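Each in structure tokens, the structures are laid out below.
Look at the two complexes coming up: chain A is in both, with chain B in one and chain C in the other.
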Partner chain A sequence: MSLLKSRSTAKIPKVYTFRRPKLSVLSWIVALLWLLVALVPYFFMIGFGFKGQTELFSSPAWKPPAKWDPVNFLLVLQGTYFRALLNSIIVVVVSMVIVVLIASSASFAFARLRFRGNAIIFSAVVAGLIVPQHTTLIPIYILTNKLHVYDSLAALIGPYVAFAIPITIFILTQFMREIPKDFFEAAIVDGASHSRVFFKVYLPLARTALVTVVIFNSVALWNEFLFAYVLTSSSNKRTLPLTVFDYQGQYASNTPAIMAALTLAAVPLFLAYFIFQEKLVNGVMAGAIKS
Partner chain B sequence: MSASVHKLVRKDGKKAQNILAPLWFLLPALIMVAIFIYYPVLATANMSFKNYKLFDQSNIFYNGFENFRGIFKDLAFRRILQNTVLWVTVSLFFQFFIGFGLALYLKKKFKFSGLYQSIIFIPWALSGFLMGLVWKWIFDDNLGVLNDMMLKLGLIDTPVPWLSNANWAMAAVIIANIWYGVTFFVIMILAALQGVPNEILEAAELDGCGKAKTLLLVIIPYIRPTLILIVLLRIIWITNFPDIIFGMTSGGPNQQTHILSSWLVQKITYDQDWGSGSALGLLMLCVLFIFTVFYLLATRLEKDSEGN
Partner chain C sequence: MSKKYDPLKPNFRTLAWMLGPSIVLLCTYLIWPIIESFRLSLFDWNGLDKSQKYSGFANWNELIHDSLFWLSVKNSFILLIVALLIQIPLGLSLAILLYRGGTRFRFFKMTYFFPGLMSTVAIAILFKQIFDYNYGLLNQVLQSLNLDFLMQDWLGDKKLAIFTVALLVCWQYTPYYMLLFLAALNGISSDVEEASAIDGATNWKYTRFIQIPLIKGAIVTAVTLITIGSLKYFDLIWVLTAGGPESSTEVMASYLYQMAFKSYRVGYASTIASALFLIVFLTAIFISRATRKVREA
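Coming up: the complex of A and B.
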């Protein structure tokens, strides 16, 4: 969008302005090819979900189901699907609210406040990026038991928030450093407190970067598997990915039912992608890493 | 004059008053990171020197470097190390170039480009583990879609043992991983491309640069710092991403498709050998740390020698 705008205002003879962007035939082919590649696994997943168990083994995999029988989907929906959906929403929303609040305030401090050890503490936090989550699994499992939150949604919030913090602070601090320092100094000189400058100036100005980190982290947390697998066990505490995993044990041999469960698990994000469309990509890009 | 003096005093006063301010801004984030990242890493480091098996809790004791020795002596270790290198390099290579290509196309606006852009996200509609389950069915030796199609098209005469042969299985999990990770590069590179000022591009065109030349000599050097950073992030994330492997092969056949991180998860959850798992985790962390330091040094040195 901004590209187009700057183009139209550029004072360059018309001959030299870029041709109106058009996709060549080759580009179309590449775009369609990736579209196909991206969607193919889902086609089969959905198709398998409608097939009968014997049909799955007798008919060719690429053949559409003989009849579009939703029985597998109804089976899944009768289970804990909606409970799991709600759990996922709760965990992601709560985690994201906490992440945005505490990571943005820390980023503000890293970007604008002068204190001893700023660079070192910043590096120490961002270094959390390289820690494999699996390395922390056992201690966090033990900790969760000690805190008596094992097998609850609360157990997930801690690690989810913590592991989202390094990348979030990295992106937000970078973004806030780009906000002209004058804003900060002017506000301080006018007698505003740091927290006022943060809430009234920096937080609103960092909105685009916040959208980016929220989208990225939300998708990652929505799809998080390992912590949810280890820190919860009962079916009404499972998040969506884990509920489908549990179906896999429950309907071990009923592949169509598993595929139906997978399809239903993909529905929420499919819908989200479809509804938000280019807002999503623009949002992610606006605050993405620029060094 | 007096106004500025007044301001200075207030400024100083504020400063003195706010000496603790950074702390309040930082503390919540630091506490979370300390509890859920740093403390666990230290606890893991401690546990890696213990004989600690979940099914044998009466027999927990410090055993020196026994866990590390066990890992190096494991018959599967060499294979798993090779797999990890292969998994990271091949996945990264294809994800990067496919992602770069798509980003170049998507940079231009076209009809339905909004809709198309959201399709870029589509691989991320399911968690890696669940996506692995779907890919498992596509690669299935006997019932799989891929073998079925290739047989029909006459590309092969006998089904490819995609998941039962270790090498084919490794190829299969990497293909699935490439598919899953392209999205990241498209978004990140697209963002970087949008950051290239239009004036530079126009100047390049005025100077008679062709498309390829503009890309190689203008665009890529401009976004290079971003590329360096996202490649590093991606290497770390691919290394720490066992989900697809678990969904597709669980490391089988016979441990032959494990990478370090999936092996680690298996040690923790299935083998319940927490001592050995911790040792492996500590090793991974050290390797990643050393790699990151060298990577950053190397890219920075290069930059310095260019005179930036």
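Coming up: the complex of A and C.
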């Protein structure tokens, strides 16, 4: 291996080596300044969570806590935190499974099959990207009540899936169009049905795009507020962002407890970010770039 | 088989199971609600009564003369303009900085994205504390630096509050556009960079005449996303100010929510909802027309 490497570089003489420019002092100052802007609120939040209830009035906000006391964190963890965490996980996972199943098959049809109205239906689906959730809020609220699913996790699945469909179909269709047609033709010649080609050839080949859409949608749904706010009400049906919102009323006089709750609520996404950093960022970006 | 056999043509059952579920869900949760909103906008209804009283275009007439609605439209556009003026240049500068820094700035690249990771609700609650007039971090830091004259009632001042909100939006979303631009910059072939270096282009000239023109597409994408997104803000404002003080930070979505779920004027709220849809829809068409040249180039 090393022999191969040295031989290959020896064959191509390097005439000119390009080097990234030196960084000016100004660059470093700007870089550190924005670092401060991006991080200080988080330090403040975490530090505040460890403070005593009266420290807010007795010492300046920028001072670290006099005593690092985890009592606020324990208070939040004893509340509905884990219930909310579980609710969020259930809603996101169920929605994602449904979205992947129904949107990938539709994408396959849009990308590879010939039927009347293909292009028009596809543009109509993609136009769904700009529909504001707020416009649909009242009718969906009425519908949810009629279906007798108000104040349940099931109430959230419908709108979550529906609003994830346009971007998912858009990204997956583009991806599937780039899978060589030969695969499709070869499988058909071998006598496979369209459904079989989808399940056995296109779905496995679209794996990377599926990862992207799942990450992108999961982050969006994990933080979703509007539908969860309107379609649920009891504390054991709330997702994580709503539980954080409810803490405001619950701990109105105990600001450090609210800050502890915010810190704990941020933990899952930050953990995901540290584990899958590149993938997560690419997923979030793919959603942005493609639209 | 009498007709010419077309291997691309699916039979009806295949097509139905592949497309059906997506289309049914889109019709139920996107298309029908839009139509229903328009229908409800023609009724006087509190959302509770069995009967909906038909009132023609009375709601629409009221909307046109409702100064609060126009204030919320104005505020939505203030958010939009501040977002465009700050997020694009700042995101671009940070992206170029990270690009030049390369692997030396890996740590910065990781941490710069932090503001984009927290849920909007959590950000709103956190900054409510930071912007507090008496006990907030911002004013206390200013005070300890002897910059008392800069101290403001960030969220309580009627004139200032909407701009405070707008800046917070920038704090939250700039990292996304920074990464979008960085991805575009990384997509430029290194040959271009080497060639321009040989030709003697300075850093600044390279950025100005090569990099920025080459990532025009990404900039257009960012402008589109910021514009559509700005018209739909709700979470941040609802938690941070609930539209106050005295409606000075009211936006279309928060006004709609107030009307539907606080004042129980569902018919009128549906009128706002329909107007919001029309404004977003027309803006989207306008943007796609205006940027067609860049996108096709």
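What we mean here is this: the second predicted complex is superposed on the first by the 243 of 291 C-alpha atoms of A that agree within 3 Å, B and C clash if a C-alpha of one lies under 4 Å from a C-alpha of the other, contacts with A are read in each partner's own complex, and residues count from 1 in each chain.
Just so we're on the same page, contacts are C-beta pairs under 8 Å (C-beta built on N, C-alpha and C of every residue); 3 or more make two chains touch, one makes a residue touch a chain.
On a predicted model such as this, the values are computed, not experimentally measured, just so you know.
Contacts of A:Gly191 after superposition: chain B is touched, whereas chain C is not reached.
When both complexes are overlaid on chain A, the residue A:Val25 reaches neither chain B nor chain C. When the shared chain is aligned, chain B and chain C each come close enough to touch A:Pro241. Look at A:Ala119: by the touch rule set out above, it reaches neither chain B nor chain C.
In the superposition on chain A, A:Phe270 makes contact with both chain B and chain C.
Residues 16, 18, 21, 23, 27, 30-31, 34-35, 37-42, 44-45, 48, 56-57, 60-62, 101-103, 105-106, 108-109, 113, 115, 121, 125, 128, 130-140, 142-143, 158-159, 161-163, 165-166, 169, 188, 193-195, 198, 222-223, 225-226, 230, 241, 244-245, 248, 255, 258-259, 262, 265-266, 269-270, 273, 277, 281, 284-285, 288-289, 291 of chain A contact both chain B in one complex and chain C in the other.
By the touch criterion stated above, chain C contacts chain A in their complex at residues 6-11, 14-15, 17-19, 21-23, 25-26, 28-30, 32-34, 36-37, 40, 47, 93-94, 97, 100-102, 104-105, 108, 110-122, 125-127, 129-130, 135-137, 140-141, 144, 171, 175-176, 179-180, 183, 190, 193-194, 197-198, 203, 218, 221, 224-225, 228, 231-232, 234-235, 239, 252-253, 256-257, 260-261, 266, 269-270, 273-274, 276-277, 280-281, 284. The touching residues of chain A, counted against chain B in their complex, run 2-4, 6-7, 10, 12, 16-18, 21-23, 27, 30-31, 34-35, 37-42, 44-45, 48, 56-57, 60-62, 101-103, 105-106, 108-110, 113, 115, 118, 121, 125, 127-140, 142-143, 158-159, 161-163, 165-167, 169, 188-189, 191, 193-195, 198, 219, 222-226, 229-230, 241, 244-245, 248, 255, 258-259, 262, 265-266, 269-270, 273-274, 276-278, 280-281, 284-286, 288-291.
Put simply, chain A touches chain C in their complex at residues 16, 18, 20-21, 23, 27, 30-31, 34-35, 37-42, 44-45, 48, 56-57, 60-62, 101-103, 105-106, 108-109, 112-115, 121, 125, 128, 130-140, 142-143, 158-159, 161-163, 165-166, 169, 185, 188, 193-195, 198, 222-223, 225-226, 230, 240-242, 244-245, 248, 255, 258-259, 262, 265-266, 269-270, 273, 277, 281, 284-285, 288-289, 291. Chain B contributes residues 7, 10-11, 14, 18, 21-22, 24-26, 28-30, 32-33, 35-41, 43-44, 47, 98, 101-102, 105-106, 108-110, 113-131, 133-135, 137-138, 143-145, 148-149, 152, 179, 182, 187-188, 190-192, 194-195, 198-199, 201-202, 205-206, 225-226, 228-230, 233, 236, 239-240, 242-243, 261, 264-265, 268-269, 274, 277-278, 281-282, 284-285, 288-289, 292 to its touches with chain A in the complex.
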